[in-house]
Structure formats: structure tokens, C-alpha cells
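The structures come next, written out as C-alpha cells.
The same chain A turns up in both complexes below, where it pairs with chain B and then with chain C.
And then the complex of A and B:
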């Protein structure tokens, strides 16, 4: 592999919460082939079609005020190393795709003012800032399902510019009837379990809860994000360029950076057909020897948080020596690089992690370790 | 004599998507609705699907089925005839 980019950062700490628990528990459950997704009413207490959803244990999708995901965030926050977060040299970057839109919808329906404290991006981040004791140096970012990658990249640039000693990236996305109903209306959250990268007649995603954090520094050694890449096609509100050019533009520089190394790939792989095909084919072309996995067939798509949630699971996988396979995916696949089963990862020297989003937004990073 | 369901669907497309410069009668029977001469995209498709489900009491279960149904006015008419209750169809 090539030397690290000027924006390379060390991951000092990283953790997540999914429907299967913290990162280590999630990794172990995925390796065992556990599927967190279950068929549940798309509108939560209001019913509707049953679709694959993976909320945190104990969550009902009811829109409560305060939100019922707060205990999970509190538990995750205990894993963040103590520090003067939110001060001048310790900035916080908070990312989400949906923030508190479920509470906004609940306010529109109920007119209960208690929902407003969690109903908009800045309101819910301010609520979390105060709850978690952060200072005012908090940046709020959102770019659909690559939101977490954007947070990681901006934090890395701030560190590279010498503007911070440590940076905390925090991300969250929790399912609500509003969000699930939206994907259902788009006909991509259907009454079928997702099967990422499978060449089948009809696709479906699942949706899952996710929250994660990473503490980054410019220190040497350890686990490092050696290269990061983002690209936006600016092609269409929702669709990718049909020839896959956007995927190639984002990933080609990383293929060059990773040349000579032995990688495995944690892809985006939501279970939709067209994007899954473009992604799998592009990755197989650029990284023909790298096994490709997606964990969204079990955890569901955790939307804007997925990039960092899955980074935390990838770190747990490296530490455990075993990478979970693509739980829920079945042959035939769009590429012959898809790894359906878990595998030992001791012989690999890096991981490529990719995410994609509505509107042809692409993001990827190279995780390397000593 | 023109198929009354074809005419109804063309008018529904014009009304739903507010195609003010497109007379319903000018929409061809067999040309692609999405990505064709009407220049419709996936957001238009979403609006159409929601309206069609409401208007004809049908259920479109996934995006692949939606894409197939919206292949043309003729394909859409066949899809609706196959799925919709008879009382929702023009006489």
C-alpha cells in the first residue's frame, strides 16, 4: 500500500450501538449469522405493512418525548474517553441523516411542545450537547447516508490543519415511522428481507437503529484511517449515473493507494438491486482479490450513521480475528467477490469501508493497522 | 376507438405531474414513461405510484414492479386491469 495521505488519522477509540448491541457483541452475533431484522409494522404503533426493521432492543418506534433511544446514547457515551469535548482543541462533529425528524412529525400530529426539543437537527444536537456535557465547539453535518464519512473527513482535516489535538465524531440515526414510511413509499423498503448484492427479481432494504463515535488524533501507529475519499455525482435527486461512473470516481484513488496490499471490503450493500449491482461490479473490477461483505442484511441500513457504525464493527472484527460475512445474502451474486460466510482476517493488512447515498453521493476510507 | 383506460391514465399522468405543456392525447401508448420523451424521473415515478395506488385501489409492492408497470401507458393499463377491482376501471 502507498504511504498515508496528509489527512491520515489514528483512531484512538471507537464504539457503536446496533440492534445487536455494542460493537464487539454485534460483530460476534454477525459472525454467528444472527439476523437482527424482523418484520414489523412500518408505521410502528399505527400499523401498516410489515417490513424488515431492526430497532434497538426495547424500542417500539413510538415517538416519545424524550426519545426512547436516549438510554442507548447514554450507554454509548460512557465508552467515549473523558476529555474536554467541545472546547477549542477538542472539537465535536455530530452527524445524522434524520436527526429528530420523527419528533418533528410527532409534533405536527400531536402539537405536544415536548417533541420540539428533539425535533430539528440543531435542537436535538443541542439537547445531546448539554446532556453529554460537551462545550460549544460542536459542528453539525448531514449528507444522507454518507453523513458519518463526512464527519470523519472534516474531523481529519481539522486535525491535519493543526486546529485540534483530538476530535470526536458522533453519529446517530434511529428509525421512526416517518422515515420508515418514506422508504416504504419509495418502494425500496418492502415485505422482503434484504439480500445485499444478490441478483434476484426484486430488491428491498431493511432499516436499523445505529449510533457510533470515534475519537481521532494525528498520533502514529495503531488503527489508522490512511485515506478517505468522497465524491458527489450531482446527477439526480435519488439515482446514480447508470454506468457506475460515480462509484469509479470515488474508489479509483483508493485502489491506487491500496495497491499491493491485501484488503477485505465492508461495502454499502443495502439490498437494492441497481445500486447493489453497480457497487459490487465496480468493487470487483477495482479490487478483484478483496472479499466483499455487507452487514445490512442483518442490521438493516442505519442510514447516516452507517459509515461509523460499520467502522466500529470492522475494528471489532480485526481485534477478534474474524470478519462477519454478508448475513442474509444468497447466491447468485452480482460479483464473485461476495463473501457470504465469515472468514479469518489475520492475513489482511487493511479494510476498505464504503458508503453511498441518495443523489449519487459516495464515500470510502481505508482502515489500516500495524 | 381509443381505449378509455389509456385516455384516463394519460390524463392522470398530466394532472399528477402537472405537465402543463403536454396534452394528454400526445402521450404515446408504447413509449417509455420514465426516461423517455416525457423526461420523467424517479421522483415523478414515486408521485405516479402513490396516485395510482390511491386511484385504482392497487398495491405496487417494490420498485422493480413499479418500473415494469411504468414501462409505457399500454403496460400500465395492462397492469391496472390485472390488479384493480372492476368498479375502479372505466366502463
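And then the complex of A and C:
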């Protein structure tokens, strides 16, 4: 059984930062075919194999205290509409997979106590809360690479219950040797560039920095999340059920909800083989007319932030009239719905956005617009 | 839409399961709780995974439950061991150190899918926000679970738990047969707090509670 939120929420504002810049710049660069990923040592200054990584411009994988990603967060925060964020009627939902774990890794290597002030989820969120002037009403969620989606879902639910006037969802994940070393140990972060949805001999992913926000309300019209869906297979930590049942369980209700509409799809598409095949085949069956794109072949996988980072890029794409293609992906593909090149999106009335995570976690939402 | 001041959310408590192993070491916990898990599945489980598995087993999670999980520090020991494994990072310890690994260890061992799963973290307002998440769920039954595991050198540094404990609470909208009631009342001041160990103590001692636990949120916990 999967679960969905029947409550539509309006997106009042949304923005992101990636290795290619803010949402609009990222969208334009993706449409131009730019690839942010570059081969870098997996353990930063400690060396190791060279793997595809896309940190923010100027960031290294040697974490500082305070973290060197703060300027990007500060810049992103200037795009958040002013408000009494973090008070009773204006809750904040912070989501991440890594939080300040880069500082924990740095502490373990250097024993510099300053890193400990940012090393736990609550400490780094408290640091951000004070820095950004939020009150204490900050809910913190962490569900690996579907973290941002469940933040959106919970914020929507709080709004629907009448417990808030506006909700701010804020997400961030910045790569470090901790996480790069882990994916490298799993052998999916390797010496190849990712090619999402490509049927090739070996799979690979890239990792990238990402941060994003969305302000949600119960208002009508505009850009809105009309349906949100989640499901957790709990079949294996790093594999899906082989028959694709997990993908179907999450996505079939959204196909029903979207019937009659004309969608394009921003998939999860990290570049792993089996998950990519199951995802592409399931989406092609349920949404046969919808072109499918992944942007992780350029930006890398921005981990827990990816759901909201890619929502911000999708909104920028709609506003610009052009959807970036699957940068870095090459034929043959797992399905004939894969869009390798950018395309005009004026004839579409919605976007399906999906993400997946460890444990067979699935999350998806339908973005509608007038 | 009702005005904010009228929105009170409430669920009835139908079961409370607790694990309070004190200073028991992980291997002793593994030996004590082996029978609660499928054969061979406990070898790589963390202590938090083991004790959460024990309390969740009593509630027999179902696909249509909503599961809400709260932990401030989560897998302290796995995190220590993973950090120590560099530069040859351990793939298993990487997976085990990622929030919400404890619940995933349990449900994967049981091959138990679940629809909604909200893993939360945080500190002073963690209980408030986890309870709010649980009380807003539309599922027939919501399981609110959580816990911590005691670390070693990370605890000495103040970045892992000093205690090991786990709890699971079964909640529903049905009052019949309930052993308690939990309400979140939207009033109170701009602050308020209730950390996870304090909530565990309330459950352990079956103590009622009426206090502001987050901005604008008052907890009303009563036992029948």
C-alpha cells in the first residue's frame, strides 16, 4: 500500500542552488547541455580514486568550521520571501540526508573541536535557524534521498489541517568524503560518468551539492502540488523488488490522478542500472506519452535535497518554456520515452517528479499549473 | 478552513512498548533479542536496530500503518565504526550509519513494506514535531517509535547519545480499549521543549503531562 496526500498546495516561491547556480541559471545551463560533474578525488585532500563530483563553485571536500557551504545557503535565503518563519503559524521544515556530517568527518581527521558545533543534525539546523532568523518551530526530517519529498508532504499536511498559514520547506545536502566514500565503497560512485536510463554494461552515479526551498500555502491556482505519493518497499537496503512492484505501487495512483493531462516527467535517474531500468520501464508503461528526463547526469545526485532542487529547476523550466534533456545520457535507453535533448514544454500542463532512496523508498508528486 | 485556534489534534494510545537496556553492550543485546528476528538477520544489526525491532515486533507493523520515527543521534556506534573504517570505507557501515537505518534494518529483516514513513530528527522540539506528524496521519493506525543508542568516543565528544532506549506507541482515532490519550493543543508561548529521553521517561513511568513542547504546541498526555 502506498499513501498520498489529497490536499493540493500552492507553491508561492521556490529556489535552489546547484553547482550550476540558481534555478534559472541551472535550467539554462542544462538546456545548453552543460555538465557540472568533474572527476575529483573521492576523499578530497586525502586523495583516493577520481570520481564524478559536482560541488558548488569554489567548494572543496575539506570541510571548514563553520562550513564552507554557508555563503551559498545565505545567498539562497535571500530569495525566501520575508516572514515570521519558525513561529507557530509559519513553520519551517528542514530536510537533509547529511546535515553537517562533513564536519564530523573533518573532526575525526583533525580533532579540531570547532567542527563539533556543526557535526550533528540538530546542531547544524540550530546554527542555520539562528543565522537565518527563524523561530524555534522547525521540524527536521531525514529520509535519505526522499527527504525533501517527505518535507513537502508533511508541510502540505500541516497546512491542510489549518495549523499553519504558510510553510517553508528548506533542504540542503553538501557532499563530503563521508558520503562520497560510502557510495564509492558501494561501487556505484566509480570512474565512469553517470548516464541515467542508458542500457550499458555498468552503472555509475555522480554526486553534487544542492540546496533549495519552497514556500507553500493553501491558496488556489498558480503552481501547485496536486498529489503527493510515498511508498517504502523495505525489501533491501540498496535494491528494489526485482519485479518493479515498488515503483508501480507508488506511481500507479498518480497515473490515475493525472489521466487526461499532458505531462513530462523528471525522474530520479541516478545512473544505476537496475533501478534505472525498473523506473524507466514502469514510467513508460504508466505514462506512455510523457517524455522522461533526469538531470543527475550533469548535476550529480544531490541526495536528500534532490526532490526540491529538481522541483525548483522544473519550475524554472516551465517559466522559460524549455525543459532540459537528460544531459550525459546516451542511447540505447531502457525505454523509448527518454528525452535526451531539451524540448519546448508549452503544450504540457503538468510535471511528475519522482525520487527514490535506500530501503526501497519511493516518493513522487504531481506539479500542476494553469 | 477552520480558524487556527480551533484545531486540536488527538489520538488514543492502544499500546506502549519499551526497551530500556541501561548499559547493556550491543553483543549482549543481540544475544538477548535474537529470537525476535528472522534467523541470521541480527549479525549486522545495530543496537538501536535490535531494540527498535523488539518494540516494533510487539505491534506487528502493517502496510497501511503510518510509521513515525524519532531519534536525535540515531546510530552512534555504526557512525563511529564507519568513520574509523576510512580510508577503506565500509559499505555496510555506511548504510547502517544513515538515518533512518534502525527502522529499515527491522522492516527489511521482516520484509515488511509500509506506505508512509516519516523519519524525524532534532532535539528540543523533536517530540512535538514527531507527535504532530503522527497525529496528522490519516492511516487507521499510526506507530510512533523512536530511540537512541549509547556511543563511545562520539558520546565523550557530545555528539552521540549517552543512553540506550527505544519505544513504540500504537495510536488510533478509536477510543475503545485505549490506555491513554495524546492531544496537541495549538496554544502556548513562542518556545517550549520536550526531548526524546524525557518523553521516554513519561512513557516508562506512565506519567501524565501538560506542557508547552514547541512554539504554539501544548502536549496533553493522559493515561486511563
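Convention: the second predicted complex is superposed on the first by the 364 of 370 C-alpha atoms of A that agree within 3 Å, B and C clash if a C-alpha of one lies under 4 Å from a C-alpha of the other, contacts with A are read in each partner's own complex, and residues count from 1 in each chain.
In this section, a contact is a pair of C-beta atoms (placed from the backbone, for glycine too) under 8 Å apart; a residue touches a chain by one contact, two chains touch by 3 or more.
Bear in mind that the values here come from a model prediction, so they are computed numbers and not experimental data.
Looking at the shared chain after the overlay, A:204 reaches chain B, while chain C stays out of its contact range. When the two structures are aligned on the shared chain, A:277 is found in touch with neither chain B nor chain C.
Annotation for chain A, partner touching more residues between chain B and chain C: C. Applying the stated contact rule after C-alpha superposition, one finds that A:190 touches chain B and leaves chain C untouched.
Once chain A of one complex is fitted onto chain A of the other, the partner contacts of A:237 extend to both chain B and chain C. Shared-chain residue A:121: touches chain C; no touch with chain B.
Shared contact residues of chain A with chain B and chain C: 185-187, 236-238.
Of all residues in chain B, only 41-43, 46, 49-50, 60-66 touch chain A in the complex they form. If you check the complex, the residues on chain A that touch chain C are 1-3, 43, 46, 48, 86-89, 97, 99, 104-105, 107-108, 116, 119-123, 125-126, 135-144, 150, 154, 157-158, 161-163, 165, 177-178, 181-187, 218, 230-238, 246, 249, 358-361. For chain C in complex with chain A, the touching residues are 1-4, 6-7, 9, 63-64, 66, 72-73, 79, 82-84, 86-91, 94-95, 98-100, 104, 107-108, 110-126, 129, 132-133, 136, 138-139, 157-159, 186, 190-192, 214-217. Chain A meets chain B in the complex at residues 185-188, 190-192, 201-204, 236-239, 272-273.
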